[in-house]
Structure formats: C-alpha cells, structure tokens
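In structure tokens below, several structures.
Shared between the two complexes below is subunit A, which has subunit B as its partner in the first and subunit C in the second.
Entry: the complex of A and B
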C-alpha cells in the first residue's frame, strides 16, 4: 500500500530532503501494516507474553519456550490470506514455506505443520476451487519438505467465498542453549542464501496490507519446496557446527525489511551493495532488488567471519546459491549502494518508526435474540448438524497431508483432541498442539469470541493429558481505517489479553492480517486463530477420542442452555444471533488440571472436549470413531429441553468414557477439583445406534450407519 | 457443425517462476546440453470439440478453460492451438 502523503512528508521532514525511489520503496514496505503493525502495536502490548518458561517472546521471527529443561520448542503462526485468494495453490504453499523458514531462524529443526483454514460454502465452483487448491498447496509443499501436518482447523462459511483465510503454523525443536542469539555486531558480513532474486512477487507485504484489486495479479510467487529442503538441511548442518549467530527469513518486504529489522534490533547500522545480490534477471533495478519477495531466501550472519569458508563449504555441498551482500556498521544508518551509486541513506530509527497514527473504533449494534421455531424435529436436526461441513469429518483435508512423516505423530488427526507429538529422543516425552478459531462467536462478540478460542484450544490440549504452556495467535480482521471494522481487531486483542492472563498462558508470537474485505469493501467475518502448545511427560498415556464400549460416559463441566452463535442456530436459522457462550475461565483452569490427572492415573479410555454442535456432535463422533452404540439421558446433561441439552455450546466441558472399574475414583477426583461430573450415558459394544432419552421418552434413535453417512458428507463435496 | 481438434497449453506466466522448468533446464545443462537456455513446463489438453469453424472451436475452449478453471488467469498464460 503506498505511503500516505502525510507519511512521505514526515519522512522528508526528518531527512531534510526528498526521498529517493529506493528509500520510498523501503519505507513503503517497512511502514506497511504487515511489517510495522502500526494499527495494532499499541493494543498488542496488552497481551501477556512473559512467563518463566518463555525463552523468546514476540518480536523475533518465531517464539520459543523451554518445553523441558533440555528441550526448546520454537513456534510461529502466520497468515497467507491475500495471496491464497488470488492463487490458492501457490498462495497456500508459499505460506508454508515462509513459516518453516521463520522457525529455522531461531536455529530449530522444523518438525510439525499446523493449519487453520476458513473457506467458502463449497456450494459454488469458485469456493470449491479455492478450497481444493489451498489444501493441495499446503499438502504438496509440506509433504515435499518431509514435515507432517498433523492437526488443524477447517471452517466453512459463505463469508469466505472469495476471500479465504489461510493461517499456517510451524513448530520446531532444538536445545535451549542452541537457540540463535540473533546478535550481530558492526563488521559482521551479511550473506544472502537461497533462491535467486527476481521480479516475481514484487512488494507482497504491502499487497497484504490493502484490499485486493485486479492490479495485484503480478504479485504471486511460485514456491519451490526442493530449494527450501536444501536450505533446511544446510542450515541444520551449520547450526550443528555452531557457525551462525543470526538467520532471518526474507518474508514480507523482502531483503530491505529483513536487513533493517536486524539492524534495528541490534542497534547497529548496515551497508548493503545491491549489485552483489545473485539475480534471476540481470536487468533488475535496485528498488526491485531491495523489495522483491522471491521465495526461499534467507539472510545468515556468521558467528565468526574467519569461519566463512566452512559455511560456504556447506552451501556448496547442497548446491545452494549465496552472495555476500554487505555488512553491519556502527553508524546507525541504512546505506545501500548500486554500482557505486548511493540509493538509500537513512537513519535505521526512521525506517522502523512510522509516524504514529491513531485509529478510531466504533461498536456495532448488538445482535438480538431470534427464537427457534417450535416444531423442530430433533433427530432431523442432528442429521443436518452432523452433515454440516464445519462439523463433518475433515478426512478429505487431512488425508492429503502426510501427517505421519518423521515417525513422531502419536495422535494423528481424527484420533485425539489435539495432535500429540513424540520428541523421539529416547524418552517418552512429547507435546500436544491444537489450533482453534470460531468466526461465529467473534461476529456476536469479538472480545468473548477470541477468549473462547483460546479456552477451546487450551482445553483440547488438556484433554489429551498435556499441560498447556504457551499460545500463538493469528488475528484476521478488516480495514483498520474503518472504525466499525477496526473495532473487531481491537476487541479480539483485548479478549485474548484477558484470557491469556487469566489462564496464565503466555502468547509467544502471532500475526495480524488486516484489510480482509470483499470487493465491495465489506469486512469478511473476522476471526482469531489460536494455537496452544502443551507438554506431555508420557506420550503412551495420552488420551485419545476413540471409545472402547460398554463403559460409562461422564460429562465434566456444567451445561447451560447456551445456543447463541451455535452450529444448530446457523443450521436452522441460517445465521447467528444473541450472545456467544460465557467464557468460564475458572472452570477451564480446574478442568485442565483435572484432565492431566485423569490421563496420568489412566482412569479413562477416551476424552473429547465439547465443541461446536454440543454434546450431540461429541457423542456422535465418539460413536463413529469407536464404532460403538451410545445411550444418553438428556436430563443428566442439563435440566432443560433435550434440544438445549444436546446442542448447547457451553464451554469448559469434556466428555469422558471412563473405565468402569475406575468410575468411583474418577468421580471423587472431579469432586476434589469442585467440578460438576454427571454420568450422562453409556457406550455399548454390541448395539450400533445412538439413543437419547428424555423423561423416559426416546427423542432420538439413530443408526450408526446414518451417523457415518452424515459425518462423511464433506468427503463428497471436497 | 464439424469436429475440430484443439490443443490447449497452460503454463505459468512469463513473470512467474517455474521451478519445474528451471530444474529441468539446470539438469539438462549439467548433462552437457549447454545450448539449452531455458525450459518452461506446462500442461497440455487435447480436445475434440464440435463447432461451426476453427475460430469458434478455439473460442469455446477458451470459455470452457476459463469457466472451469483449467487455468488460473492470475498466474497462468494459455495457448489455444487448432490442430489438423
């Protein structure tokens, strides 16, 4: 997005002269929303980012925590929304490429990919084309790198018909003492590594910071996972030999941004010779070289410039191109030359300090309640809910991903509430990851909506028996210049700040994607994707979602008749109204500690967090996964109508299939945590139906074959 | 109406990268075919289609390709060639 005349005047006043073309391009990239977070910075400060186990908080290319005393976990999440709308295959694929390089930047080995996709109705050819190609793009790139995609979130709504949201995350592992310091000092040479620089993908980051329009079409890059794989292997080799002090991805804003950010973080200056950059087209102009966003490129700074030859030997071995393009300096200026001509000469401080802007917010009119029709057939409703693309099984998505490569995946997609990944270091230790987001709750109340997503992911990580340690957020929202859209951005951040504080869950990184508007300038449904990571001491005790049968089903947590923003509301009424469920932080916390104990003591066969679609969906999926029948007593769930009991989306609930011999111990444990525990039904090995009773009357009797058919509906459309 | 044979070629736009083509060009050079300057890779579709004449046949293919997204106009160029 071009600089405003105010911003240009500001820069020229500071410099006391006109900007060169190259300086203008550099500032345009550096001062874009994508790089500077100028509309959200003041709000993001409210997030809880510190905890004793946090090694690196927000600010670097990725965040890091001490997972165990000797294990550091590095993670990052980022959106690739705008590119994926224009070219779903390459847009999504290069999103994966970028996030993997971010994790490499801290010196970690990337071992897991996670995605959160918000796509269209699948009822139009366009939305089908977008969805198919986004999934294929992520799958192809990830699979070719040999990194598994073992968990994710897939949402469908007509709001994303033409503007999908593609959030991808990567997790890597290293040793705490081996995380790259990121420190550079004057005199250190700058090595540019990887792909040649070309005209493709020119100024992508300012492209990400404005609404899409026809002219953007040239700004698409084609990813090359094979070069990326070579970069990964070469850098892991260089990390092993302790050759590097700093590595940075060339992402949004290209070379200029990566260099300026490194200089600013280290409070040094930088001198770059743009004609030293290895190019794809020999006639590239200097402004193109400094802002090109050609993929698969990184800058690497050697720890010891006397060992450069060792470094280059590694790059030569992997046949990766590189060039020494300049060095850091003590004079705190960004200086760039092209064929002996100075093209950029500005203070580092100016480059990273756009003039302050204040964005206004205005609250929308709150949504009113709309009653359900009185003649709803509960069994038919269940079938409609189970076949809704948001609820039905996502096999069509995750089966295109290689979720098992690397041999670490203990609970793959469809087997647990979160992915459980083994460290594979000779111990039984591992970690659990879940990503959640709910555009419906955000639409009704962005503050609560964002908090609920954090609660949901936190609970899913707990349900498998892990202890939640950190979260990453990806905010997808509208145009910050429009107060009624910016309201959602600010409220979502505030909701996250509240929830992360109260759950004691530091946020170690994130990404904000703004300007997600349709061609008419209307905001598409904003949402925050939250990824929560937890540690697990013994992966063999991780609790999955598959029941064994002939055992009691115990619901932990309280069910209220909360149907605002629910799946059943959208299925029956076509939209959402009222208030989303209440965020019950206190119960969530108790539930997390309780769940960890249940897994440690091995009291249950299966655990499934109650999510969209309520208990009705939770039990249907468990019945499907375990191929078992289920009987339920609706009044044991809630003293309310069976409709409310089954479809309420009250939060802070986990449904357990408890080992019959451990039932008493399980119930006393729940009591000791002051958690409500209700035996709501049983699993049945020899009966293949789901039956729900209310006051002695059978309100649902559904064959498992019908349940399967409904839950597999998505496979026929995608 | 007669039946016409149309060849549709879909490839990345000249301004976009083509990793597959670049890799092949690189390999050919290393195999000794130094005269190879550049390789671009694409996808070919051979159609038999009913139309009034060659021109209409080509137009129909362009329309079908656009509507069914055999190519993404944002990243691909197409060539429509009438063959005998």
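Entry: the complex of A and C
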C-alpha cells in the first residue's frame, strides 16, 4: 500500500528534503502493516510472552524455548493469504519457503512444518482450484525440502471462496547455546546468499497490506525448493562450524527490509552497493533490486571475517550463488549506492519508526439466537455432519504431504490429536504440536473465539501426553482502517492475552495479517490460528486416537447443551447464531495435568479431544480409525436431549478408551483432579455399528460402512 | 567394523534417518558421503537414500544418474558389494540401469504418503537375509513417481521382489521392490528407515523396515 501523503510529508520533514525514488520504496515496505505492525503493536504488548523456559520471545525472525536442558526448539508461524488468493500454488509454496528460512535464521535445523488452511466451499470451480493448488503448493515445496508436514488444520467455508487464508508454521531444533546471537558490528561484511534477484514478488509486503486487486499477479513470488534445500544444507554446515553470527531471510520488503531491520536491532548503520547483487535480469533498476521479493535469498553475516573463505567453500560445494554487497557501519544511517551514485541516505531510526497512528474500533451488533427446527432426524443429521468437509477426514490433504521424512514422526496425521515428534537423538524424548482455529466462534465472539482456539490446541497437545510449553498465533483479520473490522483484530488479541495468561502459556511469536477483505470491502471471516507446542519425556507412551476395541469409553469433562457456533448449527441452519461455548480455563488446566498422568501411567489405549461436531463426531472417527463398533448411552454424556448430548461443543473434554483392567485407577485419578468422569459407552471389536441409546430407546444405529462413506466425503471433492 | 556409505546428492533428504538406522538397527558404522567424493572401494555396503535429488528435474533420479558416482556404483555392482536404493535411490538405480524397469508418475498423479504393507517373495541376499518367504512388512511410502513399470514383469518376479498388498500407485504386478544378483542389489519404494523402531509405527502397523537393516548387520558379519 503506498505511503499516505501524511507519511511522506512526515519523512520529508525529518530529512529536510524530498525522498528519492529508492527511499520512497524502502519506506513503503518498512512502514507497511506487514513489516511495522503499526495497527496492532500497542495491542500485541498485552500478550504473555515471558516464562523461565522462553529463550527468545517475539521480535526476532522466530521464537525459541528450552525444550530440554540441552535442546532448544525454534518456531515461527506466518500467513501467505494474499499471494495464495492470486496464485495458490506459488503463494502457498513460497509461504513454506519463507517460514523455513525464518527458523534457519536462529541457527536451527528445520524439522517440522504445520499448516492451517481456510478455504472455500469446494462447491465452485474457483474454490476447488484454490484448494487443490494450495495443498499441492505446500506439499511440493515441503516435500522437496525433506521437512515433514505432520499436522495441520483444514477449514472450509464460503467466506473463503475467493480469499483463502494460508498460515504455515515451522519448527526447528538446535542447542540452546548454538542459537545465533543476531549480533553484528560495524565493519562486518554483508553476504547475500541464494537465488538471483529478479522482478518477481515486487513489493509483496506492501501488496499484502491492502485489499486485493486482480492486477496484483506481478507481486507473486515463484519458489524454487531445490535452491532452498541447498541453502538449508549449506547453512547447517556453516552452523556446525560456528561460522555465522547472523542470518536473515529476505522476506516481505526484500533486501531493504532485511538490512534495515538488522541495522536497527543492532543500533548500527549500513552501507550497501546495490550493483553488487547477483541478478536474474541485468537491467534491474536500483529500486527494483532494493524491493524485489525473489525467493530463496538470505543475508548471512560471518562471525569472523577472516574465515570468509571457509564459508564460501561450503557455498561452492553446494553450488549456491553469493555476493558481498556491503557492510555495517558506525554511522547510524542507511546508505545505498548504485554505480557510485547515492540512492538512499536516511537515518536507520526513521526507517523503522513510522509516524504513530491510532485506529478506532466499534463493536458490531451482537448475534441473536435461532432455534433448531423441532423435527430434526438425528441419524440423518449425524451423516450430514460427518460428511461436512470441515469434519470429514483430511486424507486427501495430508497424504500429499510427506509427513514421515526425517524418521521422527511418532503420531502422523490421522493417528493422534497432535503430531508427536521424536528427537531421534538416541533418547526417547520428543514434542507434540497442534494447530487450531475456529472462524465460527470468532464470528460470534472474537475474544472467546481466540481463547477457545488456544484452549483447543492446548488440550490436543495434552491429550497425547505432552506438557504444553508455548504457543504461536497467526491473526487473520480485516481492514484496520475500518473500526467495525478492526474490532475483531483487537478483541482476538485480548482473548489470546487472557487465555495465555490464565493457561500459563507464553506466546513466543506470531503474525498479523490484515486487509483480508473481499472485492466489495466486506471482511472475510476473521480467525486466529494457534499453534501449541508441548514436551514429551517418553514418546513411546504417547497416546493416539486409534481404539483397540472391547473397552470402556470414558468422557472426562462436563457436557452442557452448548450449540452456538457449532458444526451442527451450520449444517442445519446454514449459519451460526448465539454464543460460542464457554472457555473453561480451570478445567482445561486440570485436564492437561490429568492427561499427562494417564499417558505416563499407561491407563488408556486411545484419547481424542472433543472438537467440532461434538461427541458424535469424536466417537464416529474413533470407530473409523479402529474399525470397531461403539455403543453409547446419551444420558451418561449429559442430562439433556440426545441431540444436545451428541452435538454440543462444550470445551475441555477428552474421550478416552480406557484399558478395562485400569478402569478403577483411571476413575479415581480423575476424581483426584476433581474432574467429571463418565463411562458413556464401549468399543466393540466384533460389531461394526454405532449405536446410541437414550432412556432405553435406540436413537441411532449406523453401520460402520455408512460412517466410513460419510467421513471419506472430502476425498471425492479434493 | 563394516562400513556403510550413504550417498548424498544435492536434494537428497533421507540420509540422516538412514544413517541412524544403520547405526542403531544394523549396528554398523556408517557415513554420509557427498556424491562427487564417493569411492566404492572404501565401503562394505552402499545405500542410496530417499529424497529429491536435483529437485526431480526431468524426472526422478535422472540427473543424479549422470553424477560420476554412477561409475563407482557400477563398479560396486560388478564387485558384488551390497547396494540398497530407497525411494529416490531406487529411482536412481533404475536410471543407472543396474535395476530393471522404470518408476513413473503415480496413477493418481499425486504425491502419496501413507503406511502400506508389502509381501516379500524369494528373499535372498544380505538385505533380505532375515526375512522369510511370504513375510508381510509394514512401511510408509512417500512418493509421486513410484509406479513401477517394466515390459517383462515375469523376469522381475523370478528374483527377490516385494509386492504391495494394496497397490497404491498403479505399479505393474503391484511391484514395490526389485532385486538383482540374488538380492545383493535391492531397490524399493517404501521407506524401511522410517519403520526401524517400534515407536515409528502407529497402531495397526509393525516396524517392518527393521529386519532389512538387521539383515545387513548380520550378513556383513557372517555372510549371506
């Protein structure tokens, strides 16, 4: 988005002269929403970001925690919404490329990718085209890097018909003492590594900071995962040899932004010779070199300039291009030259300090309640819910992702509530990751909606037996200049701040994507994706979702008739009304400690957190995964109607298949945590049906084959 | 101690877990060797691991087969040194021409990553030395170009080979793996290195790759 006339006047007043074309371009990128967070900075301060185990909080290219005494886990999440709407394949692919480079920039080895995709109805050719290519883009890029995509979230709604939301996250590992300091000093040379600089992706960050325009195709970056893979291998060699002090991705805003941010963080100046940059097209103008967002490029700063030859030997082995393009300086100015001509000469401070703006918010009219029709057929409803694309199995997505490369994947997609990843370091240690987001809850109440997503991801990480340690957030929202849209952004941040504080879960990084509007200027459904990371001492005890059969099903947590914002509401009424479920922080915390104990003591065969679609969906999926029958007693779930008992989305619930011989111990453990535990049914090895009783009457009797057919609905459309 | 070379090309990405399996399941010494530095006479066995060598440009395995490592691999083949090609490594071995057939795009035209089962026929040689005739092994597959094709499948199935229980990609005769020289050279699309420890396999599957690595460990000590 171009600078406002107010911003230009402000810059010219500080400088006392007119801006050059290159300076204008540099400030446009630096001061964009994407790079400066100017509309959200004051609100993001409210988030809990500190804990004793946090090594690096928000502010650098990625966050880091001490996972174990000798293991640092580095993570980052980012959106690629605008590019994916215009060119879904390259938009999604380059999102993966960028997030991997962010994790590299802390000196870590990237070992896991996670995606959260919000796509259209799949009922139009456009939304099918978007979804197919987004998934293929993520798969093709991640697979070629040899980084598994082992968990994710896929949501479908007509709100995202033309504007999908593509959030991708990456996790890396290193030793705590090996995290790059990020420190540079005057005199340090700047090495530009990787792909040639071309015209693709010109001013992508600024393009991502305004509503979309069909003509924006020139702003799309094209990815080359093969070059990225070589960069990863080369940098890992360089990290091993301790050759680098700082590495930074050339992401949004390109070279200019990466250099200015490094200089600003280190309180030094910088001199760059733009004609030294290795180019794809020889006739690039200096302003194009400055702002190009060509992919697979990084700046690397050597720890010791006397060892540059060692560094270049590594780059030569992998046949990656590089050039020395300038150096840091003690004069705190950004100076850039092109063929001996000065094109940029401004204070570093100005480049990173856009004039303050204040955004207004205004609350929308709150949603009203709409009752369900009285003659709903419960069995038919179950089939409709199971075949809804949001509920049905995502095999068509994750089977295109190499979830197993690296040999670390203990619970792949479809086998656990979180991905469980083994460190593969001679121990049995590991970690668990889940990403969640629910646009329906946010629509009804953005504060609670964001809090519930954090609770959901926190619970899924707990369900496998991990101890949640940190979270990352990706806020996707509307136009900050419109108070009724900005309201959602601010409320989601406040909800996150509240939930992260109360669950004692530091937020170590995040991303804000604004201006997600359609061509008419209406906001698409805002949502916050939350990724939670937890640690596991012994991955061999991780609890998956696949039941064994002939064992009791025990529901932990309380079921209330909460149907606002639920799957069944959208399936039957076509939209959502009322209030989302209550965020029960206290129960979530107790449940997390309980779940960890259950896994340690090996009391259960399977655990599955109750999510969209309620218990009905939870048991149907478990039946499918284990190829077992299930009987349920509706009144044991809730003293309410079977419809409410089955489809309520009350939070803070996990359904366990308990080992029959451990049932008593399991129930007394629940009691000791003051958690409600109800034996609601059984799994059956030799009977392939799902049966639900209410007051002695059978309200559902569904063959497993019918359940499978419904759950596999997505495979036919994607 | 016997030494196993794991050859890395630009774009190879399964070398580390393969080395881990060699050290911890085969109990052998192993090293990752950069393709241009590979010399066959320094090694007792050779593995070409999975990945996307040279980004799969052209088609999978094509450009890697032009590496000068291919001369060394051919020499190793002539000298009866055990060679295993996993996924992209299998594709490279067919491109070099020491294993028969070709690996074409999956029937679905999509990348497929899932746990599958294969049945082992005519097990012979160092890699299959601990596996019984007809044994069923579970392992994951992860490939886009894994549809095995040959004009003469009848020749392939006279030798040691692996058969998908449920054909995931349209391979002729459901062929998942083929061998030459009485099983001294083996190529397979599934990933044994991702199925070498019990916790790598989810409920319903066994770590079926372990026997292949254990087999090599035993065979290099006692012969096969």
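The definition used in the following text is that the second predicted complex is superposed on the first by the 718 of 718 C-alpha atoms of A that agree within 3 Å, B and C clash if a C-alpha of one lies under 4 Å from a C-alpha of the other, contacts with A are read in each partner's own complex, and residues count from 1 in each chain.
By definition in this document, a contact is a pair of C-beta atoms (placed from the backbone, for glycine too) under 8 Å apart; a residue touches a chain by one contact, two chains touch by 3 or more.
Bear in mind the structure is a predicted one, so any value in this text is a computation, not a measurement.
**Q** In the superposed arrangement, does A:424 touch subunit B (first), subunit C (second), both or neither?
**A** Second partner only, subunit C.
**Q** Does subunit B (first) or subunit C (second) touch A:289, or do both, or does neither?
**A** neither
**Q** Just subunit B (first), just subunit C (second), both, or neither: which does A:146 touch?
**A** second
**Q** Does the superposition put A:129 against subunit B (first), subunit C (second), both, or neither?
**A** A:129 sits against subunit B, while subunit C stays out of touch.
**Q** Between subunit B and subunit C, pick out the one touching the greater number of residues of subunit A.
**A** Larger number of subunit A residues touched: C.
**Q** Name the contact category of A:198: first (subunit B only), second (subunit C only), both, or neither.
**A** first
**Q** Mind working out whether A:226 is in touch with subunit B, subunit C, both or neither, as first, second, both or neither?
**A** The answer is both, since A:226 touches subunit B and subunit C.
**Q** Looking at the overlay, what does A:90 touch: subunit B (first), subunit C (second), both, or neither?
**A** first
**Q** Of all the subunit A residues, which ones make contact with subunit B and with subunit C?
**A** Overlap of subunit B and subunit C footprints on subunit A: residues 224, 226.
**Q** Which of the residues in subunit A end up touching subunit B in this complex?
**A** Against subunit B, subunit A makes touches at 86-87, 89-90, 125, 129, 198-200, 217-218, 220-224, 226-227, 280, 294-295.
**Q** Which residues of subunit B touch subunit A in the complex?
**A** That would be residues 12, 15-19, 22-23, 67-69, 72-75 of subunit B.
**Q** Taking the touch rule as given, give the residues of subunit C at its contact with subunit A in the complex, in rising order.
**A** 10-11, 13-14, 16-17, 20-21, 24, 34, 50-52, 54-57, 110-115, 140, 142, 144, 191, 193-194, 196, 198-200, 202-204
**Q** Mind pulling up the subunit A residues that touch subunit C in the complex?
**A** So the residues of subunit A touching subunit C come out as 136, 139-140, 143-146, 224-226, 229-230, 233, 317-319, 398-412, 415-416, 422, 424, 426, 428, 539-540, 542, 544, 546, 548, 626.
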